[in-house]
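Here it is, the structure, as structure tokens.
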Amino acid sequence: MSNGRDKILSRAVKEIEDGMCVNLGIGMPTLIADMIPADVNVMLQSENGLLGIGSYPDADDVDPDLINAGKETVTAKSGASFFDSAESFAMIRGGHIDLAILGGMEVSESGDLANWMIPGKMIKGMGGAMDLVQGAKKIVVIMDHVNKHGESKVKKNCTLPLTGEAVVHILITDMAVFEFTEQGMKLIELQDGVTLEELRNATEATFIVPEQLQ
Amino acid sequence: MSNGRDKILSRAVKEIEDGMCVNLGIGMPTLIADMIPADVNVMLQSENGLLGIGSYPDADDVDPDLINAGKETVTAKSGASFFDSAESFAMIRGGHIDLAILGGMEVSESGDLANWMIPGKMIKGMGGAMDLVQGAKKIVVIMDHVNKHGESKVKKNCTLPLTGEAVVHILITDMAVFEFTEQGMKLIELQDGVTLEELRNATEATFIVPEQLQ
Amino acid sequence: MRKVITSLEEVVKQIQDGSSIVVGGFGLCGIPEHLIMKLQEQGTKDLTIYSNNCGVDEWGLGLLLQNKQIKKMVASYVGENKLFEKQFLNGELEVELVPQGTLAERLRAGGAGIPAFYTSTGVGTEVATGKEHKEFNGKTFIMEEGIVADYAFVKAWKADPFGNLVYRKTARNFNPVVATAGKITIAEVEELVGIGEIEPDEIHTPGVYVQHVFAGKDYEKRIERLTTSKKA
Amino acid sequence: MRKVITSLEEVVKQIQDGSSIVVGGFGLCGIPEHLIMKLQEQGTKDLTIYSNNCGVDEWGLGLLLQNKQIKKMVASYVGENKLFEKQFLNGELEVELVPQGTLAERLRAGGAGIPAFYTSTGVGTEVATGKEHKEFNGKTFIMEEGIVADYAFVKAWKADPFGNLVYRKTARNFNPVVATAGKITIAEVEELVGIGEIEPDEIHTPGVYVQHVFAGKDYEKRIERLTTSKKA
């Protein structure tokens, strides 16, 4: 699975363009930060009130007053700003964040996302995910294509409670990359070593296959 | 009329208690600032983004970046803060300002206030007056009791466009002081040298006269 | 992130006739002098302007009135401007008067992705006419809608190249909310400092809201009512 | 203006069983440690708490859970707390989960006298159930209501005797909006400075929102996820 994760992350980082303000979700998306090329200048936003997340601190520089949304100690890069939670979500809800990359549990063919709750499991809460999927200009979801039982997480309809309806723009899995268009969910790339047939077998959702990938 | 104005201002300043945050309207109310006793510690709010208005500056200290809501150059006292207009009206609308003292054109017996517009005259706009009358904890209106034609400005119903409906708590004129209660408009003081009969003759509104003033 | 521009020309010339612009400032304090003058010079017409005031006859947004560039003005107080009255009475100028706090909140809401909110300001007055009324806890409120404009003109004191802004004293006023409410926000500032030179805890407007930064020279900062202490 | 208190006792003892309290902080960062501990010590029960998180099992708001003082919790994320789950499943604890941005905005709205606003956050999800839906420009939004609580617990870095507050780094988080949303707001701070010692342009929370100021000692500032750079 580590190989799959690398594929996902390597592809996800390509969504980040020079000059963007980007929110990376907690968990796997956070790992993308370290992979951003040095010549791509971005400002990473943390919904607890920081625009311009820096690297993790040296042990000597740890500051309990400086954490990211995953509650990890971080640093602030040059040009960073701090602000309160209302301002932070004004940025997000108001469409000022260019891109959010979030983890997913299920994505449907109409771009619905479920990533906050599994009924019957411990309640945790949605945190800022519902705000991000509505507010950021572009929503990229990254997740494994199938669950540990081999079942497709790319669904006709989500079975888990939704985080947002028709909110995903790009879905990146370890098997493929999809774009959500007015015509429907559309395959835009196959990951290395994956055939279209393998993808079809592993995918519950119906998707459009452009000519050059057929 | 200058004598009347002095009576109004002298009475109005008594509404200001130690520890209050107070907004003084443009025009006559602004004059109250200089009359606040030195041992009454208040913070004066200016809706353009200042809590803690100081005195007018010396000629050498004039700063075009530091004005009050009447666009006069002012200073900031020790402990003052600057903030943006949304924050300023969050304070006002949210009920965090203890007292607003505003000028009036007409006040009705149900506590309606008209103070922003005379139909047919030049349009100016309501500025922050409509927000203040809804938001501040206590609204004191100061005005001459009658207009230059000798007609009562204390009305059964306002004839001018309203600033707010049933918003006035205390009305101070050059003839009397009224309180607006659930029972109606109630006389609480006669200004020096004014008889109840004179007041009745000069007042269109119906008001309650408590026993001790009869 | 090439936000710093050395001339306003290149940006202002993209503003089309019929555009909507939110403009910071209170009276003549904290107004984007250079942006207004450049827009006057360019002569862009049929503008819808949202700003607390409309300048005075010869300065600030009054310059655009003079030039008959404004089609509609949304403001809370326009009493300082004789041209304003004349154009309004002639039918050359549409006017929407908005209570000052409602105007500030509508700008903040627009910038924060909030399409509408409820306020008691204006209930029972002309301002409430035609607006949705709703009760909360036995009190009546009216619905007011957020404002998003094509452009935002902001004046700040200092900026860094990312567009982080700091304002000075009451020149802050509407500028921070205006900065959030433009699809394209242009900030003119008195001083451009290096990245990292503004303390992150002291930034008033994070650079995410700002698309272009211009360091203006020779600010006039006209004073509307010079008032000084009367010394004995 | 006697806002400075030298003991939390006198103020916290006025908090009655059944009160509602908004509490600042994000995770364990910027939480009002001393106020929470004093409330735990006092044992006030049946509280409704609004806060982004509910601490961890042995710290922060988790202390009040431990003591079974919370009747209802309104939060956006409570995944760090095992006691929370247990009490919820037992039916001892009512829970309302609110999206983080909606929670922040509801607190700001409550403090700003705005009874309700519209947001697209939560549309099409469980969060929208039972809420008013409305369309603006062809998009659907839901109505969310402002929050005002009996008390607000705030943690700041510095205060002056008027209650002007400055926060430090991401310890700011919910604290400024929480400060506005309490009928009585109590701020605990690391340092109390003299009046006028905070630059007026750098104040984050104007003192008008704050009723009591307390300088706390020996802040623990526990770290939830210590993460450091991996040096070669």
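All chains are identified by letter, namely A, B, C and D, in their written order; residue positions are counted from 1 within each chain.
Note that contacts are C-beta pairs under 8 Å (C-beta built on N, C-alpha and C of every residue); 3 or more make two chains touch, one makes a residue touch a chain.
Quantities reported herein were computed from a predicted structural model and do not represent experimental measurements.
Any chain that touches subunit A and also touches subunit C is listed here: D. Each step here moves to a touching chain, and the least such steps from subunit A to subunit B number 2. The interface with the greater number of C-beta contacts, when B-D is set against B-C, is B-C.
Look at where the CA atoms of subunit C average out and do the same for subunit D: the two points lie 33 Å apart. Remark: subunit B and subunit D have CA centroids separated by 35 Å (rounded to whole angstrom). The centroid of the Cα atoms in subunit A and the matching centroid in subunit D are 28 Å apart. Residue positions 105, 108, 112-114, 119-120, 167-169, 172, 200-201 of subunit C each touch two or more of the other chains. The set of subunit A residues that touch two or more partner chains comprises 76, 82-83, 86, 89, 92-93, 134-135. Which chains touch which is summed up as A-C, A-D, B-C, B-D, C-D. Looking at the complex, you find that subunit A touches subunit C at residues 18-19, 21, 41, 43, 45, 51-52, 76, 78-83, 86-87, 89-97, 134-135.
Those residues of subunit D that touch subunit C in the shared complex are 105, 109, 112-120, 134, 136-137, 139, 141, 145, 166-169, 172, 200-202. Taken together, the subunit C residues at the contact with subunit A in this complex read 1-2, 108, 110-114, 160-162, 164, 180, 195-196, 200-201, 203, 206-209.
By the touch criterion stated above, subunit A contacts subunit D in their complex at residues 46-50, 55-59, 62-74, 76, 82-86, 88-89, 92-93, 112, 122-131, 134-135, 161-166. Of all the residues in subunit D, the ones that touch subunit A in their complex are 26-30, 52, 75-80, 85, 88, 95, 97, 99-105, 107-108, 119-127, 157, 167-177, 204, 221-231.
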